[in-house]
Structures are given as C-alpha cells and as structure tokens.
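The next part holds the structures, each set out as structure tokens.
Presented sequentially are two complexes of chain A, the first with chain B as partner and the second with chain C.
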Partner chain A sequence: MDIGLFGQYLANGVMLGTMYALVAVGFTLFFGVLDVIKFSHGDVLMLGSFTGFTVYIGLLSLGIENPWVMIAAILIVSIVTTAMLGAVIARYLVLPLKSAPPLNILLITLMLGTAIREAVRLFYPDGSNPKAFPALLPTASVDLGGFSLRADSVILVAAGVAVIIGLNLVINRTRLGLAIRAVAQDEETAKIMGINYTMIVLVTFAIGSGAAAFAGIMNGLYYNEVNFGMGLLLGLIGFCAAIIGGLGNIYGAILGGFLFAALQTIGAVALPFASAYKDVFAFGVVIALMAWKPTGLIAERSSDRV
Partner chain B sequence: MQNKTNSDVRWMGMPALAVGLIVIVAIALFGWQFLLAESELAVLGMVALAAMAGVTLGKTGLQASMSAAMRGHARSMNIAILLALVSVIFLLGQEHFPLLMLTTTLLYMTVAFGLNVQFGLTGMVNFAGASFFGVGAYTAAVLTNHGAVPPLLILVAGGVLSALIGCLLIVPVVRTAGHYSAVVTIAFSVMFKTFLEVNDVLGGPQGLMVGPMKTFGWDFNSSPVFLGLEMSFYVNYALLGAGLAALAFMFVQRLERSWIGLTLDSVRLDETASACFGLNVVRAKVLAFTFGNVLVGVAGALYGMMISFIAPNSFSFSDSLLMVAIVLLGGMGSLWGTALAAVIVVILPEKLQIIQEYRFLLFSVVVILVLLFRPEGLIPRKVRSYFPNWRPE
Partner chain C sequence: MAYAGNRRTIISAALAASLSLSFASAAMAKDTVKVGFIGPLTGGVSSIGLGGRNSAELAVALRNQNPDSKYEYELEVLDDECKPNVGVQVATKLAASRDVVGAVTHYCSSVAMGAVDIYHKFNLPVIVWGAVLPDITYGNDYTEVHRINGTMINQNDAAAEFMTDQGYKTWAIIHDTTDYGKGHNTYFSKYLTEDGGEIIGTFGVTSDQQDFTAELTKIKQLNPEVVYFGGLTPLAVRIRQQMDKLGIEAQFQGASGLKSEAYFKGLSGDLAEGTVTFLEGAPAEKLPGGEYFMAEYEKADFGEAFEAYGPFSFSAMNLLMDAVEEVGPDRKDVTAYLADVQDHESITGAVTFDANGQNTVALITEYVAQDGEWVVWADSEYADGTRTLTGK
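Coming up: the complex of A and B.
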C-alpha cells in the first residue's frame, strides 16, 4: 500500500476514534457515578445533531451566514439542549430505578432510545430521510505526499481531542470532578461529606450527554449528513468501546474508542474480504475480546467471581 | 392433583373448572371476532371492551378462580385451550390475513417462551432474539432451495443451527455478567444483520425465497378441504404453529417445575450463592441459553416457510427489542403472561393500522411505563411452591 493511501486511512481512523471516544466517555461517566448503562446515549447524540441541524435552518432563515457564528450557535444550542435532556433522563428514568435490578435501567434506556429514534423519524419534518448537514468548516487542504489533509478534518480532530482533554481535566482537577469521583467511589461516604448527591448525578449526566452532542455535531460536519438511525450504531460502538476499555475508567473509554476505529479501518483495508465486512469484523473482534477479558482491557477494581 | 383449597374457590357460585371453561370459550369467541374485525372503530371498541372486562372481572375474584382451575385441573384446562385454539383456526378457515396474524403470534409466542428461559428464569438477557429467529429462517431458505432435506427435519435443523451459532457466543456470554453480557448479544445482533446485508450468497439486502413446508405428502401451500369447504393454506401453518407453541409451552413449563428450573432460578437470583451451594452455574447458563435458542430457531424456520420470503430487515435489532419487550410486558418467567403479551404486541399493531407506523414508539413507551410502574409485568409469575401438594392461598 502506498503511503498516501495509508495516510488517508490513518486520518480517517483518528477522526472516527475521536468521535467514538467522546461517546464512550459518556457511557463510562454514567457507569462511574451510578453503576448504570444509559443506552439511550446514542439517540441523545442523534437528537443533538438534529437540534444542531434545526438551529442551522433557523439561522439561515434569519439571514445569518457567517459559518463561525453558525457553528458556535449550533454547538451551544445543541449541547445545552442535550445536556438538559440527559439530566432529565437521569432524574426521571434512571434515579427512580436505582434500587431495581441493573438490567432494568439498561432496558428502560434502550426503550427510551427507541422512543427518541422513532419520535424523530415520525415527527421531525421529513424525518425518515437523511438530512444534508452543511459543511461549515473551511475545506482547504494541504497535499502531504500523495494524500490531502483537509483543514476541516484537522479542526474536528483537534476540537474533539480538546474536549476529551478538557473533560479529563474537569474530572481530575476541579472540585466538581472531585465530587464526581467521590460519588463514583462511595455514594454513602460522599453524602456524609456534604456532597449534593442528586445534583452531582444530574451534572454528570448533563456533561456526558453534552459530550455526545458534540460528537453528533462532529459526525454531521464530517459526513455532511444526519439521519434518525445514526444514534443506534454510534451508541452501540460507544458502548462497545467503553466496555472493551473497561467500564468506569475514562482512559479505558478513550483506548476503546480508538481501538474500535482501528479495528474498523483494519477490517476495511488490511483484510482479504470485502470492506463491507468491516463492521462484522470489528464487532466479531469485540465479542472475542469479551470472551478473553470479561471485564474489559483495563479491568474494574472489584470482582465477586467464585 | 385435586386438593381441597382449589374446589373451595368459587366465582358466582360456580366451581373453578366451570369458570375456567367458560372463560376459555369466551376468549376464543372474542379472539375469533377480533381477528375478523375490519373497521378501526370496531377494533378499538373491542380492545376497550377486553380491557374493561379484564379489569372488572379481575376485581370480582375471577382471577383466583381461574388460577385455581389452572392448578387443580391443569390437564383438562390445557386440552380445552388447545381445542379452543384449533376451533378458532377452523372458524377462520378461509380468511388468509387473520390466519397469518394468528400464526405469527403463535410463532412469536414460541420465541418468547424460549427467551423466557434465558431471561425470565436464568436472568441472561438475549438481545439477539431476532438474529436467532433469522438463523432459523435462513436455514430453512437454504435447505429448501438447495437440497432434498425433508421439511420436518428442516425445522429441527433450524433449531440445531441456531443452537450451534449460539455456541459461538456461549464463551463470552457465560464468562461475562450483566452489562458486559448484554453488549455481547447486542453486538451480535447488529453484526448478524450487517452480515446478511453484505453477504451475496444469502441474497444480500434483497433476501431469499423459502420453499414451503411439505411432510408425508401433505403440501402446506395447497389449500386443504375440510367439510367440503376449501380452506386457506395458512390453516396448515396455523395448526403446525399451534402445535409448536403448545409443545414449547409444555417443555418450558416442565423445565420450570423441575430441579433444572430451580437451579436456573437460583442462578438468576444470586450467582455467587448458587456456586457456593455447589450448583454448576456455567452448565445452567449454557443449558438455558442453548435451549432458548433452539426454540427461537425452530420458530424462525417455520416462520420463513410460512411467509416464503425473508430479508435481513425482518431480523434487525429493533425486532430483537420487540421480543424482549414481549417477555418484560408479560412478566419475567410467567408463561401465560408471555402468551398474552405476544398477542398484544403482534396483533394489535396489525389490526390498528393507525398505530402500525408508530408501533416501535408505542411499545417502547409502554415498556418504559411497565418498568416504572409494574415491573412484575401483566401477569406476574407466582412464587414457587416447594412442596408438591402445598399451594399458598
């Protein structure tokens, strides 16, 4: 394979990895504070990108056409909307079921995801067809020995990585992060120490959902398309990434995200069979990894196996 | 099996068995008319009527009488139910569409019984129900197109292949727990559909034709003649479907009552404690997973033969979720609940074309409400009684 093609695939893989890692970080944050899986995450992401799309239509009709203003508005509105949605889901669907069997929360959020997906398909104007998301970022490209590195890809990856680093700093360096980690480690003790437990849970869900909205907008800007079904696959990939990394571990989520992107890329180029099998290959490897390391590559702290 | 407390339960002065038989006849007549109802208004009216009847009669103690009948006269009641089902099939005789709906319901029931063993008894959620259903259907397609395998064996082959493919998942499913095991089946479900779509041998996104069921010179796609009347060919499939659902019910009920069922229950409630008491957790899980998949696969094979054309879109993750929804809605581990939920989930959207488009939305909202407000399901499973003739009253 020539170096140009290799570069192209590498750039694409890094892009996908960043996106997946952003989704996986959300899963791992939710699992950290509440030990639950919120499977509607992917569909919240989809809702975020549809919100962004709606904002774009609105701005167009107002006559605002500066791309940077548009991007800022799209990001702010969709992140705030999904963050609030995330908090609402946590408050009314996840917290009430905290003492029920853990699978019930997985099921309730799975069903919620289906409900969101179907609601967008049925009630968004012409929602069952894909929408053309605008290419708002500059598309100038640099030729690097055979492959062209586009400015929008670089900006997207840089922004995504910045968000991941920012999230990591928030978790590890701020008082809020300290409270989140305290709740994750021991709910009771955290409460005794005067931490507002419900508030921290809601804020964590808001942060995770906001990150998902960011990934959704990234996905829209990169592929220039949003559709109602995109959340299912992205959510599933994010879930797989969080799981193979090891739930509750933010580095595990990032590792898992890039690993899954690498698997897809390898499946598309390096394997003898048709590239259409890339997802089959990637999910197959995930299943095999689960058989090998049942609690992820970076394992959870405790275990009660007999 | 008769015991004193059972004959004491009376409803409006009638003994339990009489009440039970009356209810069965009423339900059969209702189902017959419901399947034939044409206008949306009539259907809505009948649904409202059924709901109201269910609630008010439940308040008058009918339920206690029914469960006494089911316990005290299990054999007569089961035979009566089967007879009622067969008579409904013959009453519908010439109507293609209602029979198709009825058979689909019966097959989904079989699937849900299988998932119940995995999910309701053992606590392993299988989010790939539609995939194993698809394995059965595709097995039927390939075998009817490319070989002279006797079709009755094809049903068996559908189950066996589904179990074999399930074996690929067994290691990760059994080694992992909770969320980790959920991801394995979810990933498999998505992987399976993608695989079907890109695989040219299996017809790709267009799908495959499936040959008809034929056994002992009895061609299922030709119309049978009964009492001088030419029936719809779906009567054949409906009868076979009824037999399959009854067989599945019987197997699962026997399994639940046996020591195996007790083992599965204890594995669901506490794996660690079960292992401490010397139960073989791995063996229990492998058994439950394989048994469930066999049922799902056999139902899938018959389904493929009945609709005679299958495509990857019928075996998507959303369909798997619908199957899980049936089990949850009915009540985990409760067979009659599962049967009722299968009827609601399959027939209601078909009869009410208004909600057909909204069915995934509707049922996901319903399941959310069930999980929030009635997590034990429509007909909750009874607590197991440990002494053969002792019944809690």
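Coming up: the complex of A and C.
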C-alpha cells in the first residue's frame, strides 16, 4: 500500500474516531455520575444536528450568508438546546427512577430514543428523507500523492479534538469537574460535603448532550447529509466505545472511540473478505475484548463492579 | 263502490310508487368491495411509497366516480416501512381480512420476498407495483402473485449495454446487502461481463451505513471509470457525497432505486449532475395514458409527487378493479382472471402476464440528472453532446 493511500485511510479513521469519541464521552459521563446507561444518546445527537439544520434554514431566510456566522449560530443554538434537553431528560426521566432497577432507566431511555427518532421522521417537514446539510467550511484540498486532505476535514478533527481536550480539562481541572468527580465517586459523601447533587447531575447530562450535539453538527458538516436514523448506529458504536474503553473513564472513552474507528477501517480494507462484514468484524473484536477485559481497557479507578 | 275503487287505485298507486322507489335505490346502492395497497409510507423511501399510494387512491376515486362500475371500491392502505418484518405483519393483516379481494403491493423487493408466501397461503391475489427482484415472480409458482413493472433482469441488461456503448471499460460496484442490492449486483455483473465491461471491485454495504470512506478510498485506488451503485436513494446520496469528499473522478451510475426527487434534495451543490440511472417503463408523459394520468393526478391535488412508480401503481389498481368488475369480488375468481391477462390495456401500455404472473413488457428508459431533475437520456443535453458524462 502506498503512503498516500495509507494517509487517506488514516485521515478517514481519525475523523470517525473523533466523532465516536465525542459520543462515547457522553455515555461515560452519564455512567460516571449516576451509574446509568442512557440509550437515547444517539437520538439526542440526531436531534442536535436537525436543530442545527433548522437554524441554517432560518438564517438563510433571514438573508445571513456568511459561513462563519452561520456555523457559530448553528453550534450555539444546537448545543444549548440539546444540552437543555439533556438536563430535562435527567430531571424528569432519569432522576425519578434513580432508585429503581437500572434496567428501568435503560428501557425508558431506549423508548425515549425511539420516540425522538420517530417524532423527527413524522413531524419534521419531509423528515423521512435525507437532508442536504450545507458545506459551510472551506473545501480547499491539498493533494498529497493520491491522498486529498481537505481543509474542512482538518478543521473538523481539530475542533473535535479541542472539544474532547476541553471536556477533559473541565472534568479534571475545575471546581465543577471536582464536584462531578466527587459525585461519581461517592454520592452520599459528596452530598454531606455540601455539593448540590441534583444540580451536578443536571449539568453533567447537559455537558454530555451538548457534546453529542457537537458531534451531530460535525457529522452533518462532514457528510453534508443528515437523516432521522443517523443516531441509531452512532449511539450504539459510541456505547461500545465507552464500554471497551472502560465505562466511567473519559480517557477510556476516547481510546475506545478511536479503536472502534480503526477496527472498522481495518475491517473494510485489510481483510480479504467483502467490506459488508466490517461491522461484524468490529463488533466481533469488541465482544472478544469485553470477554478479555470485562471492565474495559482502562478500568475506573474506584471501580468495584465487575 | 266508487269510493272503494278510488281507494284501491290510491293503494296500488302508492304500492307502485314505493316499489319503483325501492328498485331505484337498489340500482343506486352498489356493493362495496375492499381492495388493498401496501407500500413504504414512512422511512427513507417514503416519497416513492406516498406517490404510489396517491396513484392507487386516484385509480379508486376515478372508478367510484364512474357510473358504469358495478361496485363501490374501498381502499385499505397499509405501511410496510420498507422493512421485511413490518411488511410481513401488514401483509398478514391484509390477507387475513376476509373482505379484501385483492391488493396492489410493495415497492421494496426484500419486503415483497417475505410477503409472497403469505398471499399464497391466504389465496389473496396481488399485483406488485414497484419491487424489481426477479425472484418475486420467478422464484415461486404462486398463482396469486403478479407484477406489473419489469424486473431488474431487463433493467440491468439495458443498463450494461447502454454504458458499454458510451465507451466505459472499468467498473467498481457498490451494492447494499439486501435482496434488492444483491440482485442488482448479480444481474449487472452478469450482463456487464457479457458486454465486455470489466469489474475491478465489488463492495457490499449494509443498508443503514453512514460512512463509506473506507470502501471509497479503496475504489479510488482501483481507479474505475464508473462507480455503479445497486441500492436506494438515501445510501446513494451518501456515497455520491463522499465520492466528492475523497476526490473520486468517476461516472456515477445508479439503478431504479435511485430515480427519486429525494436524490436532488439530499445532495448539495451540483453533485447530482450527470448521474445516470435506469428505470422500467417510460416517464409518465411518454406513456400511452400518461397525459390522462398526469392531468387527473394534478386535479386530485395530492401533496406529494407521483414519483417513479406512481403510474404502475395506478394501472395495477385499475387492472385489479377490472378483474373484480369482470368476475366479481372473489379471491379465487380474480386470481383465475389475472392468470389469463393478455394485452390488457393500461396507462403504462398493454399488460400481458406470463406463466409466473410477470408482465412481459420490458420497456427500459435511461435517465440522466440534468439541472436538478431526471431527464430522459434521449432528450438530454448529454445525448446531443452539449454536456458530457464524467471522463468522456
């Protein structure tokens, strides 16, 4: 394989990995603070990208055409709306069920995800068809011997990585992050220390959902297409990535995201059989990894679960 | 006596009047006959399904307006979502309801494949209006199953011949791994090889895949002249979009599942320009009864376009009602009638069913995407040389 081609595969993989990692980080945050698995995460992401698409249409009708202004508006509105939605889900669906068996929360969020997906399909104008998400980023490309590196891909990966690093800094370097980690480690003690437990849970869900909205917009800008079903597989992959990385560990989620992207790329390229089996291959490896390390590659430090 | 006589005349007059009234009302109230329609009304290909449903509804409405028809028709519409599991459920629901005498069913081949067994079991005569997999009619000997549109065999035969005539030599094939996509791959590969084309790579993809960069990067390395996609519009939109991302300069060729207005709505910029695809039948305005159909469809003021298969749905529904008019509302009689359909007039041309219930008319039309719409090749600026396909 020549070096240009290898570069292209690498660029594809990094792009996918960044998106998966952003989704996985959400799963890991939710599990960290509340020990819940929120299966509507992928559909919240899809809602974020549709919100962004709606903002774009609105801006167009207002006559605003500067792409940077548009991107800023799309990101702000979409992330804020989706973050609020995340907090609402936490407040009214997840927290009330906190002492119920975890299976109940898993089921209720699974159903919520289906409801969101179907609602977009049925009530968004022409929602069952794919929508052309605008290419707002510069599309200039450098051709490096069979490998075309596009400016928009570079910007997207850089922005995605920046968001992941930013989230990491928030969790590990700020007072808010300290409070989140405290709640994650020991809810009762955190409460005794004067931490507003409900507020921290809501903020965590807002952050996780905001990250999903960012991933959704990134997805739209990269593929220039959004559809109502995009969250389904993305949510599942993000969840797997969080699991193989080690649920509750943010580095694990990032590692898991990139690992899954690498597996998919290898599955489609390097294996002799048809690319139709690349997901079978990637999920198969995930199963093997989980059998080998049930708590994930990087286990939660305070983990007492198996 | 005079009085009594008078009274008798009054009574007989009243009797006569009431009798004639009851006769008149008997002549006016027709029996209601239920017919079914199944198609994908939600989901990725719903635009085609809704167009088909509207066309079937139109056929029923026009028939009910016709004073000469013997029955009043009632249409039961069900949604198969283009998913085999859902399709089997709604097919069972329709087939199990005793008062439905026949149905016009399915756009998605994978759904039709699952449903034909049910129609056979319940003896429900159906006419497929859009699914193109040959096995739907040729893979069984069910007398209940008919199809008004051509199959992918004819379609890919014509497609391979047309593309090799354009001078293309090498192809990369992407197909989804449903029955539909696999069928297209099989028949296109077969005819392309016969016509002298070379296939340098074949890639199966799942029908909900989002990212194709890995497959497309490999295709970029293989550097084919044409990328053929056997699958439906939503995936085609993604593949075409990502071909551009990776800088693949190849002609994009689709199959019947691509010919939808949604292809243009899903693609930004002029990426759709120059895509070629193939479809059984001819565009509505070129069909024998096309003018009439389009005028009536316009008049009915549906919210959605009739799309590629609307005329087929319309004529399938008409054929079904013709059968009921002729032999009455009985499933077995309708099946027997449909078995002998020869040169039956319809807006899509004369219909003749072969022993497997397949319409033998194999008219295939080539289309090219020009300025945001599908234009018949012969009428396009590509055919007269004003524009050229990629690499020509």
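Descriptive notes on the structure:
Throughout what follows, the second predicted complex is superposed on the first by the 298 of 306 C-alpha atoms of A that agree within 3 Å, B and C clash if a C-alpha of one lies under 4 Å from a C-alpha of the other, contacts with A are read in each partner's own complex, and residues count from 1 in each chain.
The criterion applied here is as follows: a residue touches a chain if its C-beta (ideal position, glycine included) is under 8 Å from a C-beta of that chain, and two chains touch if they have at least 3 such contacts.
Every value quoted in this text rests on a predicted model; they were computed, and no experiment measured them.
On the shared subunit chain A, the superposed partners chain B and chain C overlap sterically.
Applying the stated contact rule after C-alpha superposition, one finds that A:Q264 touches chain C and leaves chain B untouched. In the superposition on chain A, A:L122 makes contact with both chain B and chain C.
In the superposed pair of complexes, A:A276 makes contact with chain B and with chain C alike.
By the document's definition of touching, of the two partners only chain B reaches A:A100; chain C does not. Once chain A of one complex is fitted onto chain A of the other, the partner contacts of A:L233 extend to both chain B and chain C. In the superposed model, A:Q8 makes contact with chain C only, not with chain B.
By the touch criterion defined above, A:V142 lies against neither chain B nor chain C after alignment on the C-alpha atoms of chain A.
Clashing C-alpha atoms with chain B after superposition occur in a single stretch of chain C, namely 110-118 (options considered: 20-28, 38-46, 74-82 or 110-118).
Annotation: chain A residues 122, 232-233, 274, 276, 279 touch chain B in one complex and chain C in the other. The touching residues of chain A, counted against chain B in their complex, run 31, 37, 93, 96-97, 100, 102-104, 106-108, 110-112, 114-115, 117-119, 122, 232-233, 236, 239-240, 243, 247, 274, 276-277, 279-280, 283-284, 286-288, 290-291, 294-296, 304-306. On chain B, the positions that touch chain A within their shared complex are 123, 125, 169, 171-172, 175-180, 182-184, 186-188, 190-191, 194-195, 198, 271-272, 275-276, 317-318, 321, 324-325, 328, 357-358, 360-361, 364-365, 367-368, 371-372, 375. Residue ranges of chain C in contact with chain A, taken from their complex: 42-44, 46-47, 177, 202-206, 208-211, 213-215, 217-218, 220-221, 233-234, 237-238, 241-242, 245-247, 262, 265-269.
Note for the complex: chain A touches chain C at residues 5, 8-9, 12, 15-16, 121-122, 126, 128-135, 141, 143, 146, 148, 150, 153, 219, 222-225, 227, 229-230, 232-234, 264-265, 267-269, 274-276, 278-279.
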